[in-house]
Amino acid sequence: MEIRKPSIKNIPYNEWKDNETLESLINELNENGVNLIVGNLDSLINWGRSNSLWSLTFATSCCGIEFMACGCARYDFARFGFEVTRNSPRQADLIMCAGTITHKMAPVLKRLYDEMATPKYVIAVGGCAISGGPFKKSYHVVKGIDEFLPVDVYIPGCPPRPEAILYGMMQLQRKVKVEKFFGGVNHKEDNPNPLVISDIPKNFINEMKKTAGEVKDFVKKEINDTFK
Amino acid sequence: MFDFSIISTWFHDLLMNLIGCPEWLTILIECVVVGLLIIVGYALLAIALIFMERKVCAYFQCRLGPMRVGPWGLLQVFADVLKMLIKEIFFVDKADKLLYALAPILVIMGSIGAFAFLPWNKGAIVLDFNVGIFLYTALSAIGVIGIFLAGWSSNNKYGVVSAMRGAVQMISYEMSLGLCLITACILTGTMQVSGIVEAQSGPFGWLIFQGHVPAIIAFLIFLVAGNAEANRGPFDLAEAESELTAGYHTEYSGMGFGFYYLAEFLNLFIVSGMTSLVFLGGWCPIHIGIAEFDAVMDYIPGIVWFLGKAFAIVWLLMWVKWTFPRLRIDQILTLEWKYLMPLALCNLVLMTVCVAFDITGIQYISYIVLAAIVVLAIIICVRAMKFRSAFARDQKLVGVDIAIKKDK
Amino acid sequence: MKLNPIEFSFREFASEMTKLKNEKNFDYLVTIIGEDFGTAEGEENKDDYSLGCIYILENTQTHERISTKTMAEKIDGNYYIQSISGLYKCAEMLEREVYDFYGIRFLGNKDMRRLFLRNDFKGYPFRKDFVASEEYSLEDDTEVSTTTEYNLDANGKVVETTHPLFKEGDFVMNIGPQHPSTHGVLRLETILDGETVKKIYPHLGYIHRGIEKMAEEMTYPQTLAMTDRMNYLSAMMNRHALVGVIEEALGVELNDRIKTIRTIMDELQRIDGHLLYLGCYAQDLGALTAFLYCMRDREYVLNVMEETTGGRLIQNYYRIGGLQDDIDPNFQENCKKLIEYLRPKLDEYVNVFGDNVITHQRLEGVGVFTKEQCISYGISGSNGRASQWANDMRKNYPYDVYDKVDWDQVVLDGCDAQDRYYLRVKEIEQSLRIIEQLIDNIPEGEYYIKQKPIIKCPEGQWYYAVEGTSGEFGVYLDSRGDKSPFRMKFRPMALTLVAALDEMLQGTKIADLIAVGAGLDYIIPDIDR
Amino acid sequence: MYFTLFITVIITAVFLVVAAYIMAKLLGPRTYAPVKGEPFECGIPTRGTSWLTMHVGYYLFALLFLMFDVETVFLYPWAVVVNKFGVMALASIGFFMLVLVFGLAYAWRKGALEWK
């Protein structure tokens, strides 16, 4: 059985960014061929999952407001199957980490993620959640939630526009569409470095992280010079 | 009027005589068929209702609602159900495992049990006891236990508070629910579902026509109490989204939560169905005593009448839910014990008087008109007063202008 | 305003403050600014800080403002200042903040716990020699169940007394951090008796980003980026305050065009913030439809701002000496359209939600807070005005062109949640009035006054405050003549609101807690900074 | 016959739930995390137990309900025969109704209907 490319209604495949990551993911999952029945079952289940991703109401700062705007009259993500946001992690499929995560908040977020029922997905919304963003130099901010959570999609921006958030959520839909239910992707914890679909390549993010410290030192030096 | 019992008897004969099954096998087969029918109907109705709710609220809120999954988003709910079916189910460590697992069963039992009392068509009633209405109240009360157990057993603080809330609210509203049903029984003189429907078949036979004023009061009380019984806003205290995160089913994932989700909507439909059964004449078409008109009405099958009435009320309740803010626990109890229940009691007496002195029937329609006018007038007055008070306070603008000092 | 604080010695501080409050009637404590004034010249004693506090007070009758200062005394290794939590209710929370950042213990303050940082946090981050560590733990924070109170006995020794927070068998329920109606990551540890609230312990700092500390390492233009992200619903005003204090320090004189545009933008932002407030209020009470109506109209406001600033939420429009860019050609026309559109909508909100029977039942007489309490807790802004306290910065200390425009300060006397709602509605009307008057006569001129490439403020201390969406938002700047501030402190709008929650809500129901919380309009990133 | 159907309905309900549970158990994925089984409380570990004695107000209403419900049950059989007996029915139940109303009035007066 040939592997179908994940399709979103009315949006041609080539207009999507970062298809390479997706294809590499498909290839990795289907190295040793696909059984016809299992394949069809998978695509059915993935159809169900990808079209009903209920997000956890989790917002720490600015991005949260844009996420709210996403659910409201103008951009209405209920159209695409993100029908409601559940307040209880048990019933949520997706955690939109919208906003800065501080050292005090990190355990809470981790706990919330652990309490969610599988399958569960993580989207890092905004610069703060991706790499610490403008607060990278702070003494109390986590430099990107992917330090302790397997992130599925990054949505850059400060804050990302609702269109961007919708785009990111659809990217997640595409990723879910290629999952193998009878494979290992259900067990995120077993999968140490999950693949990432996003506009910003992973290594760039790492680069930013690495330089975070250096920038700090540089500025410190700068200031010391001027103090003298 | 088409009688569904023809089919059932034919099926029975088919099994008994033509195929020649023994008694027990026949009954077994029939029971299995009935069970399947119930499950299918239950599931389909739930899906239809969920879809309806989403579209209705979307249009109230200037949104579009689901529209991408399948044509006009018709398949959205199927996707949700599929997802829930294969989502992980797990128990909370410190939970009371037995009750935790038992709770959804009780809830579904209550709702399916009540569901089986609905009259779909002439001769198409699953449970047609001679004490039907009474048994209906008994069965629907099981749901309360389910909700209470769910909240209590999951050992979650929101759950416990919500369980207490839910229990105290639902048992309170059972009172006026029961009293309204009794009021209806007084007029119809039977508790059998089919009997109640039959009693409403004549020209202007529907109960709100026959029983004019007391029946209308009972009808309104029943709507409010039923809405509270179905745990839907403005009475959705038990799962007060913005207060107790998800209330009694906070700890339920996957299908465990799915069943509460189903039951909520089905209870909504059951309440509407009961309202249409008791007060709007179930599957009875509207008759006005003119033979031709009645004949035309009779051509429309009973199930269409029943579903039409039921869904009309469902829509009404949805409208209420999406308009009003949530009440507070003490306000809810005050409403029930200080307004609805005494009113229901007096209404019961009133109905008894009407029946005893035989002043029922369409000729008293004038009472209805009168009552309607009075109620309308009262409502308008109340609103007007509310507005005045509100805008009076709005006028209290105080322009303040003081010489400015800054310690420059 | 330029601060020249009156300095009191450690011993006489409390008594002097009492005099100020009772005799001179300085009854409103604006804020407490802890500061590490750095070691004096010459002496190189590393483990000896010169920590102290600056207090800004206001006389609510005459609107006169003064500032006082006291230095912390070092008693066997720890730093102490006499507490004024007995005089001003809000002082307890503000002193906790100073303790958290600087390790100054306040003698007589009932509650000396960490406020923003984890209980197991090492060191005091705002001291100049604090070195930040990259690593953090994913273990749950250690929960403390007692508080410590420090006092001086007769012979100058420090005595500790511990107070328990919980009694045996208390039903403690956490509302937040991840909760739909705490508007962010506020955590209210609530002791319940059935449905009734017995006590509320607010826990802050779940989004504490150390903006003030970061500002000390940044050049002045860099610091501007932070303010928008504190209270994103009053982004313009926050930035306005910061830009204002720097311009005051530099002595920059703005032309009328800049002032007018800033005024209009502030008011647009206010409308945006209040619309979201009205919406969230409805949502928290369970009326989702009203919520979506407000959000729908908010989008139009955002459109108008977006065309000029290019941002939906984070505007980054003001800069030192003017504006980022000139206004969009369609700006005026759009504003007029917006005003036309919004006026009738206000009635719609009131009809759909604000004037609903159930809403009246839920809100009237709930969360009552009198004028005296408001002043003592420093609850300024809309919430204070709902309790008859006429405290609008735009009237009392007019900045920009507010004194040239004809508008009313809305003051209601209900003191309850219902009035806090109505007040917002009326304020939107006033904002529309202001915009209406200004939009047609924006004077000609430059939109930016050229500044030096490297901005260095002269030495001194300044405090500049504007009217934010939910209170007075002020910025304190201590400059030592460098290109980055020596100490920058923001007066959050909502910190004192959270401090007041407990007293406001004891004996009410959980539902009231949600309703009042929504009515106070706190934005957590603004509290935590 | 109806009794059989009644049993059928109950069995159907149980079957529906149990079948769905089994299906979810068989198909649904499973992951483990140490804190997964802890009760959810906005992401903060719970302080103390949730099973504490609750406020007495709830039980008060439960008692009231019990009292009135038991009495209303007696009204059902009576309701069916009202239109046969007519005025007699009214007279016969009048006293009973009186007790019922009096009970409610008493509870009201005693302030049992106030939520404390």
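Labels A, B, C and D are assigned to the chains in the order they are written; within every chain, residues are numbered from 1.
Assume a residue touches a chain if its C-beta (ideal position, glycine included) is under 8 Å from a C-beta of that chain, and two chains touch if they have at least 3 such contacts.
Keep in mind the model is a prediction, meaning the values are calculated, not measured.
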item: Chains touching both chain A and chain D, listed by label; value: B, C
item: Top chain pair, ranked by how many C-beta pairs fall in contact; value: B-D
item: Centre-of-Cα separation between chain D and chain C, whole angstrom; value: 48
item: Length of the line joining the C-alpha centres of chain A and chain B, rounded to whole Å; value: 40
item: Whole-Å separation of chain centres (CA-atom averages), chain B against chain D; value: 16
item: Where chain C touches two or more other chains at once, by residue number; value: 140, 171, 173-174, 177-180, 194-195, 292-293, 296
item: For chain D, residues that touch 2 or more chains besides their own; value: 28-31, 36, 38, 40-46, 54-55, 58, 115
item: Junction residues of chain A - those touching two or more other chains; value: 72-73, 87-88, 90, 108, 111-112, 118-119
item: Chain contact topology (line, ring, star, complete or other); value: complete
item: Of all residues in chain A, those that touch chain D in their complex; value: 88-90, 108-109, 111-112, 114-115, 118-119, 186-189
item: Chain A - residues contacting chain B, complex; value: 9, 44-45, 47-49, 51-52, 72-73, 76, 78-81, 83, 86-88, 90-91, 93, 117-119, 181
item: Of chain A, residues touching chain C in the complex; value: 56-62, 64-66, 68-69, 72-74, 87, 99-100, 102-108, 110-112, 134-135, 137-143, 148, 158-159, 161, 213, 216, 219-220, 223, 226-227
item: In the complex with chain A, residue positions of chain D that touch it; value: 28-36, 38, 40, 42-45
item: Complex contacts: residues of chain C adjacent to chain D; value: 140, 143, 166, 169-179, 187, 189, 193-196
